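Shared chain: chain A. Partners: chain B in the first complex, chain C in the second.
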Partner chain A sequence: MSIASALRAAKRQSLSLIFLVIGAVLVLFTILTLINMIFRQIVLEPEGLLEAASDPEVTKSILLTLYASLLATLIAMILGTPLAYVLARHDFPGKSIVESIIDVPVIIPHSVAGIALYALFMSRSPVGKAFSSVGIIFEDGLWGIVVAMLFVSAPFYVNAAREGFQSVNPRLDRVARTLGASQWKAFYRITLPLAIRHLFSGAIMAWARGISEFGAVIMIAFYPMIAPILIFYKFTTHGLKAAQPIAVLLILICLVVFIALRTSSKYWERRK
Partner chain B sequence: MTKLSRSGLTKMQAAMIAAVVAVVAIGGFWYYVSIGSSGKIPLKVFCAGSLTLPFEDIEEQFEADHTNVDVQLEPGGSVTCVQKITDVGEECDVLASADYTLIPSMMMTPDSNYTDWYIIFAVNRMTIAYTNNSRYADEINSTNWFHILRRSDVKWGFSNPNMDPCGYRSPMVLQLAEFAYGDTMIFEDLIEANSDITVSESNGTYVIDTNMTDLNPTERLKIREKSVDLIAYVQEGGLDYAFEYSSVAKQHGLRFLELPESIDLSSETYRDTYATVKVRKTTTVSTGKPIVYGLTISNNAPNPNLAEEFVRYIVSDFGQGIFRDNAQPPVVPALTNDIDKVPESLKAYVIES
Partner chain C sequence: MITLEKVSHKWEDFSLKNISFNVKKGEYFIILGPTAAGKTLILETIAGFYIPHEGKILLNEKESTRIPPENRNIGFVYQDYSLFPHMTVGENIAFGLKMRKLPTSEVETEVQNIIDSMNISYLKDRSPSTLSGGEQQRVALARALVINPAILLLDEPLSALDPRIRESLREELKRIHRTRGTTTIHVTHDQSEALALADRIGVIINGEVIQVDTPHKIFNEPISEDMAIFVGVENIIRGKIVSREDGLVLVDIGHYQIRALSNLTEGEVNVFIRPENIILSKVKLESSARNSLSGRITKITQFGATFRIYMDNGLSALVTKQAIEELGLRIEEKVYASFKATAIHLIRR
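Here is the complex of A and B:
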């Protein structure tokens, strides 16, 4: 290929090239922030990382974090999928107000959310009392962590699911029903499969958001300690040297999990 | 459905979005330029959570007198405040701690050398804070509180001994209370029965062990990072009583008990009594002693002159008045470890102890 034709090709592709360069800045920003911390830990102090990985306190709290966030995500899916469907398919008065309310948790400071959740779910509140009679404890308990995570992560799921349902042409649904499918069956066989990838990626985002939550959780449940609180605790009591390996470990585990999930979601798409 | 323009948005929608963005952008920029801190010198003050309100009063006056300065208070656990400087490497102009001994032990050692002087400027006392809505609020007083805290329907709390000096002082108060009230079961009933914290005695010294990440409190006992954090729970009614400094209780408008001086860690007279109780935390051992606030200016302070000026406000008549109003008795005159090392402009306000 001559230089002239290469230049012509470059000119034709100039938008892509320029966007690529600009986009790389944002990726670099994220990568540098993380790599700086991860590499220093792995290269300079690998023993600190191994120590953290073999400390049952650390592994327990990371597992608790992943588990609590998974529960929050499942609840968001069970309650959020119908909501997202209604918002995608129906117009009703006050719909934009409902949509704004769903987004509020993204906006308000999470310590404020934490106090609000505490006031609603504390053992002495009517709600807390009702739940504790069936053995569900929020204050300094697993379910406190779950509601705090649910509060901050639900918007990510609902918004993604709503976009997913909106991307499915309602006519397909109507065709299925003229062919004799019930409304349930049309949803289950047509709309849901076509929107599932959106739902899946929304669930990943919600899960991730739950894992990272600190401010709301610490208000309602300092104990049992989720990883972000353990990291904060170690930083306060033992300093950066003790906190950083746990943080790096959490990042590495999440990175592996997310890459695996994203890859499988790609595979899913290709198979379709 | 409205007709879609080619961009995917209707012109009306695009105009509305543009209008909202423009209003926020212009309004924000105007605010930033006119009122915001642009052009002002930031003066970073790391302070113990219990100093927040009096320091806010001092900040207000300081900024009124120095319109080119933006005082930025960063309240936190006292240990955290010091670690932000020594571990993270953050720059700070004034550091004020609820336990002055943290300055010599964490900032004046050969491998962590950030200053060579400190000033003792105020004291505080331990108390139990509550509201009118706390259970048995009309019954509790300074002679029966340990009976009330024992009741199974009462919830109470203190801050984490490993994270906040008020936190390790709370179990100290309960151990000291055993001597003061002649009731040897107070610590066992209140602390040991409600958490994994233990106490052991040898040769008249009581060592309280909080050296664990999970203190494992029961649902009757709430343990949080800073004592100030507990206020919200008391006000919400989820907690009846919290161990606090009298200053914090007063500043937040809570009711509080006047505990005997022999247990409230406020009085120089009882120094020897306090010293019979120690707390073994995850990092160090703390010995009971009067609660004394200390401050210093770190060697790497970005604005040492303004920092000195801010400290002068704290140790002057003006600052002393503010501390009195906040139930945080000032030390008059303020004391220092080494008058020769104290900055020149502050020498007139302190004496060497």
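Here is the complex of A and C:
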């Protein structure tokens, strides 16, 4: 292709080309921010990263973060899947109100959510007292971290799952019924397998959202320290040099896990 | 076999009103109606997806209004075929048998039998997304038939196909019905499809059953003006019976008097004449059982392979291109429109 014809082609596509250049700024902004930090840490100060990785306080905190968010995601799946199904398949009075309520945690400031959760679940509260009698402690405890993560991440799961169920034609379910499947069998054999990819990606989103939560968790459970809180604590007490290695470590672990999950879900998909 | 007794159901934006009809064992029954007449909803109600707010459904003379769909032994084929996309063709067809907990070996044989009989064994391991419309249709039929349903419900099974394949699948449906004798309810908006397949037709317009009859009666003896318009009668003329002799009545339609075969003896009537029953000629065709009305051609329009001739006597006729050339039919030309007394249907107005 000659330069002239390339220019002519470019002119025909001028709108998309200009939009591409403008849009690229946003992508660069994201990449630059993260790459800058990761590059500086790994290349310029690798010993800091190794030190953080061998610090039991750090590894324990990262593991706690992953674990607490996993618990929150599992709860979101158990409670959210039925809710998503009902919202996808049925119309009922007040449905739009329910849908708005589900989205509330996305909209309100997370420190506000944290305060609200603390007020409800603190050890002095009736709810906190009731749960502590069966050994579940929220204030400065694992379950406090879990409820905070659940609160902020559940909308991501429920919305993805609802979209998943909506994408399955209800006629498939009906045909299965005429072929002799009960409601439960039709759900299990037809609707669920067809929506599973959405449920899975919703779960990954919810898990990631849980891991990144800071504002809501710090209000109800400063201790045991999840990684975002540990990073904040180190940053305010020892500065960037102490906080950055932990941040890089957390982001690397998360990236590895998410890439692994994405690839395995794609592989799964192809096998079907 | 299947009886609907005054079935009514209200949805948010649509309702079925007082639906009653009866389908006999082994019958091929067609529900004919325009788009959005509620045809699919009737099938889904028969299948048990909706419990009607009023009325009863009897299957096999047994009150079945509240029996869940999985216990009705019904085969259902939707317009979009609704094959399970996450299963192969073979797994799709085997689904109903597995739900009936048949042993694996038996499932295998049954699936093989049905796909052999429908000539689709080459599709067995394919995924539904790779099939053509006609192939999907056959698979959907096989999946519905393999469970040996007491009733087969077909929701516009041919309308998503291109015309050439539609023809061959229509024959296929006929063949299946002849060999298996399954009681079938087939929903369509296509009148030629209804004529070609139906033992009886129920016409549904706007959630109501208008007429249930044999195809001949539906098309030639519609019971109301709406029905007549729907089945394409075209020539709907107001008249008044003036006398009656030898089983024929004389009807005054303004400028003319025509003879018609009818049970009616007097009063104001609507006269229905299908356009294809009118013969055009240059000379008057005289006969006691035939009417011959003069008229002048006002408009000629093409209508598929045929032409429609409109005349100033209020009638329209369908003719071939050849007839137009042979008779030299042109606008302003004077012609005679002839039709037999038996080709006229009268209803009281």
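Heads up, the rule we're going with is that the second predicted complex is superposed on the first by the 245 of 272 C-alpha atoms of A that agree within 3 Å, B and C clash if a C-alpha of one lies under 4 Å from a C-alpha of the other, contacts with A are read in each partner's own complex, and residues count from 1 in each chain.
Heads up, the rule we're going with is that contacts are C-beta pairs under 8 Å (C-beta built on N, C-alpha and C of every residue); 3 or more make two chains touch, one makes a residue touch a chain.
This one's a predicted model, so the numbers in the text were calculated from it and none came from an experiment.
Asker: If chain A is used to align the two complexes, do chain B and chain C fit next to each other or clash?
Answerer: fit
Asker: Quick one: chain B or chain C, who's touching more of chain A?
Answerer: Tallying touched residues of chain A, the top partner is B.
Asker: Identify the partner contact of A:Ile251: answer first if only chain B is touched, second if only chain C is, both if each is, neither if none is.
Answerer: Neither partner.
Asker: A:Asn169 contacts which: chain B (first), chain C (second), both, neither?
Answerer: So A:Asn169 only meets chain C here.
Asker: Thinking of the overlay built on chain A, is A:Leu194 touched by chain B (first), by chain C (second), by both, or by neither?
Answerer: second
Asker: After the fit on chain A, how big is the angle at chain A between chain B and chain C, using C-alpha centres and going to the nearest 10 degrees?
Answerer: 140
Asker: Just checking: does A:Thr178 make contact with chain B only, chain C only, both, or neither of them? Give me first, second, both or neither.
Answerer: After superposing on A, A:Thr178 lies in contact with chain C but is clear of chain B.
Asker: Which value in Å is the smallest Cα separation between chain B and chain C when the structures are fitted on chain A?
Answerer: 8
Asker: Please report the chain A residues shared by its interface with chain B and its interface with chain C.
Answerer: On chain A, the chain B and chain C contacts do not overlap at all.
Asker: Considering the complex alone, what residue numbers of chain A touch chain B?
Answerer: 57, 115, 118-119, 122-125, 137, 139-140, 218-219, 222-225, 230, 232-233, 235-241
Asker: Going by the contact rule set out above, which residues of chain C touch chain A in the complex?
Answerer: Where chain C meets chain A, its residues are 12, 44, 47-49, 68-70, 72, 74-76, 78, 80, 82, 84-86, 95-96, 99-100, 143-144, 147, 153.
Asker: Would you mind writing out the residues of chain B in touch with chain A in their complex?
Answerer: Chain B reaches chain A through residues 77, 79-80, 83, 86-88, 155, 160, 162-163, 213-217, 219, 222-225, 232-233, 236-238, 281-283.
Asker: Using the touch definition up top, name the residues of chain A that touch chain C in the complex.
Answerer: Counting only chain A, the residues touching chain C are 91, 169, 171-172, 174-183, 185, 189-190, 193-194, 272.
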